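Heads up: the structure comes next, in structure tokens.
Chain IDs A, B and C follow the sequence of writing; residue 1 opens each chain.
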Amino acid sequence: MNFQTVRHHFIKFYGWARSTGGITVILTAVLAILASIDKGVFILTNTFVTGGMWALVAIGITLIFGVMNISNFAHGEYFMVGSLAAYAIITPLNAHLQHHPNPWLLTVAPLIAIAGATLVGAVFGLITERLIFNQLRKRGKGNWLLNCFLVTIGISVILSNAYLLLFGASFRGILYYWDLPPILIFGVPVSVDRLFTFCLALFTLLGFWVFMKFTRTGQAIRACSQDERGARMVGISVNVVNIVVFCLGCAFAALAGASLLFMFPAYPTVGLMPLYNSWFILILVGLGNIEGTIPGGFIIAFLQVATRIYLGEGWENIIPMFIICLILVFKPYGIFAYSVRSVWEK
Amino acid sequence: MTGANNLLLEIKNLDVSYGFLQVLWGVSIVVGEKEFVCLIGPNGAGKSTTLRSIAGYLTPKNGAILFAGKSIAGLDGTVISREGISYISEELNLFTIMTVRENLLMGAYTVRDKKQRNERFDFVFSLFPRLKEREGQLAGTLSGGERKMLGIARGMMSSPRLLLVDEPSLGLAPQMTTGVFRALQFLNGTGVTILLVEQNVRKTLQITDKGYVIEKGKIVLEGNTSDLRNNEHIKKIYLGG
Amino acid sequence: MENIASNRLGLRRLLNLASMTPLGFLGLVLLGLFPILPYLNQGYLIRWFIWAAIVAAASMAFDFSGGYISIVNFGFSAFIGVGAYSSALIALRLGISPWLSMFLGILPAALLGFLVGAVSLRLRGMFAICFTWFVGLAFFGLAMKLVPLTRGPLGLRAPYLFKTSSNLPYFYVAFGMLVVTYIVLKWILRSHLGLAFQAIGQNVEAAMTSGIYPAWYRIINFTVSCGFAGWLGGFYAHYYGILTPDLMHTSKTVEILVIAYVGGRKSLWGGVLVAFPFVYAMEMVRSSLANLPGLNLIIYGLFLILIMIYYPGGLAESYQVYLGQSRNPLVRWLINK
């Protein structure tokens, strides 16, 4: 690594750092560190924990938008589904463990809950795609974006009210997944749940990257998102791709809901916040920008954590909203200036 | 050249409409195995519409489309591609954010065997050495001629029996057109049946065996290109006297 | 058909002025009469229908932007809320009669509409929808948090329009507002403004080449739409007497949006026609099946999905397809053909 390449990389980095995206990311990082010094490290921990998951949820909605051209207003409801499913699995397991303590099961039970919830989310996605979007696709493409949006509103209403109807409005949460003492990281106590969630998010993101870049299906998905007719022309089954993409998106949302159960209990409208967050991120990083959702997730997470601490409970949805409005006005393509497909502008 | 015994593609009395507007009227075309057939005619005559109907992107109102005796009318584009028909659209529909190599890899999507895939890569790169030079370049940054080459190359990756090519010379400089046509001739020589839709009549008639002339949605002339070249109507309208 | 007796001609001219078909007029008359009819004269029915009238008028104002210039105002209920809270606060703090403050409440709503419309000029399609949505969310949040001003979730008390506790006068005020909204909006749409709206809604670039500057017209349209929202909000405040931030929640916008779209894009009367049976059905389900909360909204959602898949044009389009092609002379006279 000689001086020339170092200099070259430094110049590239410097160029990026001066762009809107670069400034925002660096500024957020600096503010996060300052806030942690001021109020405590839990700001950083919570930002990392929730940020990873919001990024996952946002990837779900970005995928669905990028490949299937569906603006999904019901995305948050799959988070709710995951939340509820995880609760429904972990509670009887915990009850069983009360009477039959089993160290192996104790460790594995949360994993079962989260995996099961993700599966349930995927199944819900499958049902939605086949039953609703496939039918919509068959019946003509006029006004597709708007019709989809309205249909997803219907789905959202049905799902959250079905929860209300079947399970009532009470909060169903857990205190923790693992009843273990916090682990010390650089002298800072971090609960096992939080650490696990962060690692799970990283692991899933990595797995997703591998899937998209190296597997045949992943490449097919990328092809479909770029040119659907071209994908058909090379023999890719767009139908299968649509199913995979939608199920994957919903599964991610459900995964997030399940793994954050100790922070966000299950209740009928728990899906609203993931919904707002994923749309924030979507607009912040540019519609369709998958790589950008990762820093985007952390930025939004920090914004919410910081506003909650400094301004009090309830403000954490308002401030990000104003910021997003500013972004929409000055940089509608997001801070990373991602060139969005023109279909959005119809 | 000719030597066709089987009919690979048969179109019988095809009627196609866009909504309420009918654009093809009783079109009948026959392409024998290993033949090189062209479909020529003025702008808006229905050439691209015909190809799109065969390729599965339009459902005909009436009529039959048979591929090796099997009816394929109304089937989806994906299914038709898997039957062994590669459609090279006029817009090419390349994956612009993927590299040349990735586009070709996508072309070989249905080819499961790795060894076979590599053979296809070798074949395609020997046909279009320019593409090998630009292997790692994004498809969206290629020149017009290179994109046409990539389009045809991608279509060839799946070893199709029938190639449907829509106006490859459109927007190309003459030397590039010659290069593309030469490549198509070579492909036909290796046994690929080709149905070529074109506006550049002179060059097209030089490389094809048979031709159909379509005007306003109806076939008005057909025959061997040697006869078509001497036809009065063709000479007057398409070859400039 | 034109040479009917002169009084019929006079009626027809009047109807044309009000942009109503004889069928529509008939419907309105029936609606206006119903609280006086003995069997239908139920207290709960009148309450439901007042809400239906508000929603119907709101859906017309919503469709004015959503259907005609294709800007879906997904924060619409926030503008209703702004009008409601403004009117309530003006009446409370300045001691002004609610009748007057109802109209004064239009100003903040219209101003906000002007600003939002101006900003959303740069945005198209989904971006504009997102922007209006976030504006709505922001105002909902503000209403919750600015407790000194709005009393947050505890609710803000507003003076009533009438001293009486009967719902009947309120019904006629709501009914009147419904009719006025329809006539005014239809009048604007029939003017050259309306033509410009339609041109912009269909194809912005084409409109620009015809010399129409979309910016100006979009702002006007949006401001008018939000102004009406504010007006209706004022009525809401002084009828229900108590305001909570829930009024501004996205779910309220969704209720109005569903009715507007099931009624049909670019059709004002479609929303009106749909609103009444919808609200009736919803309230019916909600009250009779009180042990099954949320069921009414599930049916709502199902309905929306089914309509969007099978009849995306809404009621108005089905009307065009079925009734509009009828050859029955009575039907044709009723629908003014």
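We adopt the following convention: contacts are C-beta pairs under 8 Å (C-beta built on N, C-alpha and C of every residue); 3 or more make two chains touch, one makes a residue touch a chain.
Since the model is a prediction, treat every value here as computed from it, not as a measurement.
J.: Whose Cα centre is nearest the centre of all Cα atoms in view?
T.: Measuring from the global C-alpha mean, the nearest chain centre belongs to A.
J.: Between A-C and A-B, name the chain pair that shares the greater number of C-beta pairs in contact.
T.: Comparing A-C with A-B, the pair joined by more C-beta contacts is A-C.
J.: By mean C-alpha coordinates, which chain is most distant from chain A?
T.: The chain lying farthest from chain A is B.
J.: Please tell me the distance, in whole Å, between the geometric centres of chain B and chain C computed from their C-alpha atoms.
T.: Centre-to-centre distance between chain B and chain C: 55 Å.
J.: Where the centres are mean C-alpha positions, what is the separation of chain A from chain C, in Å?
T.: Distance between chain centres, rounded to whole Å: 35 Å.
J.: Calculate how many whole Å lie between the centre of chain A and the centre of chain B, each centre taken as the average of the chain's C-alpha atoms.
T.: 44
J.: Spell out, as numbers or ranges, the residues of chain B touching 2 or more other chains.
T.: none
J.: Residue numbers of chain B touching chain A in their complex, please.
T.: 55-57, 76-78, 81-82, 86-89, 92-98, 102, 105-107, 109-110, 154-155, 157-158
J.: Taking the complex as given, what residues does chain A use to touch chain B?
T.: Result: residues 216, 219-220, 222-223, 226-227, 229-239 of chain A touch chain B.
J.: Using the touch rule from the top, collect the residues of chain C that touch chain A in their complex.
T.: Touching chain A: residues 72, 119, 122-127, 129-131, 133-135, 137-138, 141-142, 144-145, 251, 254, 257-258, 261, 292-295, 297-298, 300-305, 308-310, 312 of chain C.
J.: With touch defined as at the start, can you tell me which chain A residues reach chain C in the complex?
T.: That would be residues 71, 132, 135-136, 139, 142-143, 145-147, 149-151, 153-158, 160-165, 169, 268, 276, 279, 283, 287, 314-315, 317-318, 321-322, 324-325, 328-329, 332, 344-346 of chain A.
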